[in-house]
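The structures considered in this document are given below.
Here chain A shows up in two complexes: once beside chain B, once beside chain C.
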Partner chain A sequence: MTATDVTATAEATRQGAPGLPPREPRSEFGRRHKPELSAGQKQALRLARTLVWPAIVVAILVTQIPFLVTIYYSFQNWNLMRPGSRGFAGFDNYITVFTGGAFLQSLSATVVITGSSIVLSVLFGLGIALLLNRTFVGQGLARTLVITPFLMMPAAAALIWKWSMLDANVGMVNWGLSVLGVDPVQWNTDFPALTVIMVLTWQYTPFMMLILLAGLQSQSKETLEAASVDGAGPIRSFLYMTLPHLRQYIELAVLLGGIMLLQVFDPIAIMTRGTGGTKTLSYLLYERAFVGLEIGEAAAYGVITVLLTIIVASVALRLLFKIFSTEGAKS
Partner chain B sequence: MSTSVVSAPRAVPARRRTRQMRHRASSAALTAFTWIVTLGFFFPVAWMVFTAFKTEAAAATSTPTIFTSLSFDRFAEVLDRGFGVYLLNSLTASVMSTVIVLLLAIPAAYGLSIRPIIKSTDALFFFISTRFMPIAAAIIPIYLLLQNFGLLDNISALSILYVGMNLPLAVWMMRSFFSEVPLEIVEAAQIDGANFFTELVRVVLPIVAPGIAAAALICFIFAWNEYFLASLLTSTMARTTPPFLGSFVDGRGQFLAVLSAASTLAVLPVVLAGWLAQKRLVTGLAMGAIK
Partner chain C sequence: MKSYSVKKRMLLSAVAFSSVGVLLAGCSGAGGAATEDGPVSLTLATVNNPQMKDMEELKGAFEEAHPDITVNFVSMEENDLRDAVTKDVATQGGQYDIVTVGSYEVPIWGQNDWLVDLGPLAEADTAYNVDDLLPPVREALTVDDSLYAVPFYGESSFLMYNQEMFAAAGLSMPTNPTWDEVAGFARTLKTDDVAGICLRGKPGWGELFAPLTTVVQTFGGGWFDEDWNATVNSPEFTEAVTFYTDLVKDAGEADPVSTGFTECLNLFSQGNAAMWYDATSAAGPLEADTSAVAGKVGYVHAPVKETDEAGWLWAWNLAIPNTSTKQDAAWEFVSWATSTEYIDLVGTTLGWERVPPGSRTSTYENPDYLEAAAAFAPITKDIMLAVNPTQPGVNPQPWVGIQYVTVPEFQDLGNQVSQNIADVFAGRDTVENVLDKGQELATTVGDAQK
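== the complex of A and B ==
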């Protein structure tokens, strides 16, 4: 279901988009009419399809079929504590979801946590990418150190931040604040959402930085020098030359970061257990299914989560399509 | 930072000298700033490693100490708790899933990029869209199915799920690397009479090897770090490292040094691999999607 819908949206975008640049003849992308094929080419085509099928079948079996079953479950009245009472529930589960109050809170928690983590990590990532894009002593080492948080196991990162960095008594952040004369802060209990956002931002900044640094390095040095000769200061050439060049890299960073952050679970399970405005949709679903054992209701949450993700995804895929469609025009 | 500031008119050489000095000073300041940011960013990781070598008492003081005594006792303690088994489970799941992903994704990416497939766009979007679906939305049927077949707490079952999770990303990244291969080389091989498999193995794969390595590394990292599926679908036999670390949450009392030692061991393989392959990581992540 999901796949078809998203693909259909992408398809519509592709065909409906006016004024696209002409594609390079070699690109397979977006070819619209069937070219005449020789016997050899037809054979190659068959082979190519054969090559793609196994991957598609596995992807369908592992991710799509279970989702279809989830849709079926969402119309069932089914609590694992009461095995005998299973039966068709109609839209009861969906009504429970929308009238229960947990849903809207959870949706806003997801938007706040995902949204601010993406924005902050892109901003920090851009800043660090700009700093690392200069030539300086120990450049390679600095880059190596900066990417480390992205490689950290999220469970380990959450624990280290919770206990070693943000703990009220022995946390290093509070120690740093005490040097500045600030009273200790109970991060985990008083500012749970902020705590999660801090950890996510720390983990995803290097990811954004890697993508944006690649973008910076693909910018031609000559153009920048020419701008500088023409009297453009660093700020102006950044605003009018570097930022437009980085646009597709920023879009890509937001897209990939968004996919990963929307599904984030570990820091919430480990640091806050969904308290204080950190109960994102994935955590809520987990709680209903594996703590509450409400299979039907949890399945309804799952279906709604996917529907919402499709909306976000089709917007994101539209951006992605833009990235793909400019590839011919760019070089 | 601005180097184009021009003060009162002076003799040209003097002005140039001041500009140079100013440039050098601002450059040094910027470098210092870069290093402060870098070290600040790296600090939690460094602190984790330091703490792993301390005693619990030293780790739990509110004033930070770098080293009171250096000992490997905490590492030994973690390994005594059977941590090696969890590391081995993680390794098995990550390697197994990455190998299967490569076996499926290389032909698929090849089919999508070099061979003429009319519907390649749709297939590609399909792959990407499967990655958009939160795995949480499929977890209940997966859980019940594995329970029915007695496959809960089974490392192979977990690996197959990781294949489903990483396959789209791998196909997507590899497709772009395969598209970079000059068509002329492939055609030349065909004229020389190479059959399809010779063509793929002898001609194309060596060219795209770095890209495949990057994709494999990303898949390995995601599988190694995965927490959600592992914590729900495994318990004792097939427990992987992330949920075991997660169980430290419930620990009471003095445990910061042991926790740090366990975390250090858990992140070490991926961090080392990532450090060694960072250039390819960049190419894999950014160029893979944009080019």
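== the complex of A and C ==
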């Protein structure tokens, strides 16, 4: 939308036109007809445009300068502990990123941990949402209790899992297993990735559940009644009525969950310390910057991660818009 | 048109002025320069250990004696402190007037010219009695005859064992055990509920590799030889890591990758481990009222193989960054907090068992302290005076320091190798394979030193 359109719209609104602004008349060649503006209007318009500039400048400064600085650092050879040896490094840092071997491993760890946590939490979330969608005594209390894990700070959640749940000697999970006659499991040592996935699933199931519950509650009761009158049992009406209705909600849940889980850091730093396939991109970046103190290398990892995220995000966002547009078409 | 461009110019200049104003306001907020003449406010960054908390509690005594100086404590967890202070000092931020620095960083920072040489100040101050500082600690903090920090408290490592369990099994612990003897005891005493020995397995150069490096050194290995050639996949290093990981797998604690200092302290103080090889500073909490094993713990020298002594050496120290504008006032506080006067103050007001240990020889001549810490004070002193930070292992090494290599890249190297050793604990990888990878990483680090 150009600035001229804005004024035309504003003009229309000022004249008290109800609803959408009237369509602009089009010339023979389909080009827009520019409305004539008086000198005073033009001047007001210029002033308005000029007033926008500080905000745009601030927006550019705030969003782009840190990234530009990161790009600059990524071409520097800079270890914090060696102040004398700082200098231009060319593409050395990027070569280290791609030949070091850590990057691809970390990428696959990120995909495995994020992917399985999302799938599991959507499945559990769906199950709990179906249960909570029924009316029963204490429904409100149950809902609040189920949401609690999502409200907990990630670091606190990781500590609880480390000390109370998964501790090899006094943990509740191993105690539960011992009742079933299973030998104690060394969670962090033998199954580090599974440990992190468990914590994340526990924490994100309520989030998925909230979105899916909203979806279930927006489904009209009449449709389900009609289906049951037509002879569909609960399984068939779930598979053929409820699930298609929930599709958009599941897609939304997966997308938002993916964005949040990609940045996961706390359970890895507190429980597994990047061992056994849990070194995700965010943890790797932390290690390069704060353990390795290699600012240049960490910046190069950062730049690559941003590029990857932009690619993933643009694909994901396109999907998101598609979800919304199909919903619009249906109604 | 003309009126428009005048307006535009006015607007632009207004915007420019206001942005400059914002920038200036930001600068004045960050700076806040104070002169040496008026009242001085010092900022001290420190680690949130109990001994440091005591220092904060007692700073009122210092401020009473120095009415023109106030000291503000910024306490952080160890890793956060390391991050925050390294960033501030390396980028010349000048946020702190006094920093708490570990003995690993002091020589590196000193060589980078980041810290004030406290040697001349300490020598000039006769009441300070610089020669009373424990010699090995002082040595670890000195680079080319410059003393870049003074110790607040120091520690070595020793073997702690549960005397009741040993008596019940009819075993007796020698004063200077060997690792082979210890491994035998651990395998005998291991039951389903009790670990034979607790040894750190949590990845991190300061976690796993603090005890493991001392084991490597007493087995005759080391990270580098005298000429900075990496020796990580040498037979001695491999033997030591194999010994350590096998011992933990056979007779150690469950879930070693989760287990660091705190976890072992929990396990041992609840009576769930027969032995524990770790820092001498663990003795304080083990003898406290909350511990289930208080009074039942025996303390002996760190187990050895090829060397006579295998304890490590660590100290938390106070130093003054070169960027501080209040260095005189800072030294006033640093010299007070590390003085014998301060140690007496802790003893008389908070109790003698809370005295910061391992910094001064005179602490171990104080009858009140020796009485309160009778179980572990004499042996701590013996070990701290016996360890040799210039050559802790069998072979000479080109750096000063025991359980670490005093180069900036070591924390990264130690961290990565320790993460790979976690795979050995889990059986996902072999010691040989892991140490070959470590050798590659160490070679790059060593080459940078040549």
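Here is the rule we go by: the second predicted complex is superposed on the first by the 264 of 331 C-alpha atoms of A that agree within 3 Å, B and C clash if a C-alpha of one lies under 4 Å from a C-alpha of the other, contacts with A are read in each partner's own complex, and residues count from 1 in each chain.
Quick note on the criterion: a contact is a pair of C-beta atoms (placed from the backbone, for glycine too) under 8 Å apart; a residue touches a chain by one contact, two chains touch by 3 or more.
Quick caveat, the model's predicted, so the values are computed rather than measured.
Of the two partner chains placed by the overlay, neither chain B nor chain C lies in contact with A:E222. Set against each other, chain B and chain C touch different numbers of residues in chain A, with B touching more. Once the two complexes are laid over each other on the shared chain, residue contacts for A:L132 go to chain B alone; chain C is not touched.
Touch criterion met: A:E287 reaches chain C, while chain B stays clear of it. In the superposition on chain A, A:D230 contacts neither chain B nor chain C. When both complexes are overlaid on chain A, the residue A:D266 reaches chain B alone and has no touch with chain C.
Contacts of A:N79 after superposition: chain C is touched, whereas chain B is not reached.
Touch criterion met: A:L47 reaches chain B and chain C at once.
When the shared chain is aligned, chain B and chain C each come close enough to touch A:N169. In the superposition on chain A, A:T189 makes contact with chain C only, while chain B stays out of contact range. Counting contacts as defined above, chain A residues 47, 50-51, 54, 162, 169, 290 meet chain B in one complex and chain C in the other. The residues of chain C lying in touch with chain A in their complex are 3-4, 7-8, 11-12, 15, 18-19, 79, 83, 86-87, 90-91, 108, 112, 201-204, 253-258, 267, 272, 408-409, 411-412, 415, 419, 422-423, 425-428.
Interface of chain A with chain C (complex): residues 43, 46-47, 50-51, 53-54, 57, 79-84, 162, 166-169, 184, 186-190, 192, 271-276, 279, 287, 290-294.
On the side of chain A, the complex with chain B involves touching residues 2-3, 6-7, 10-11, 14, 26-31, 34-35, 37, 41, 44-45, 47-52, 54-56, 58-59, 61-67, 69-70, 73, 127-128, 131-132, 134, 136-138, 142-157, 159-165, 169-170, 172, 175, 202, 205, 207, 210-211, 213-215, 231, 233-235, 248-249, 252, 256, 259, 262-263, 265-266, 269-270, 281-282, 285-286, 289-290, 295, 298-299, 302-303, 305-306, 309-310, 312-313, 316-317, 320, 323, 327.
For chain B in complex with chain A, the residues that touch the partner chain are 1-4, 27, 30-31, 33-35, 37-39, 41-45, 47-48, 51, 59-64, 104-105, 107-108, 110-113, 115-118, 120-123, 125-145, 160-161, 163-165, 167-168, 171, 179, 183, 196, 221, 224-225, 227-228, 231-232, 241-243, 245-246, 248-249, 256, 259-260, 263, 266-267, 270-271, 274-275, 278, 281-283, 285-287, 289-291.
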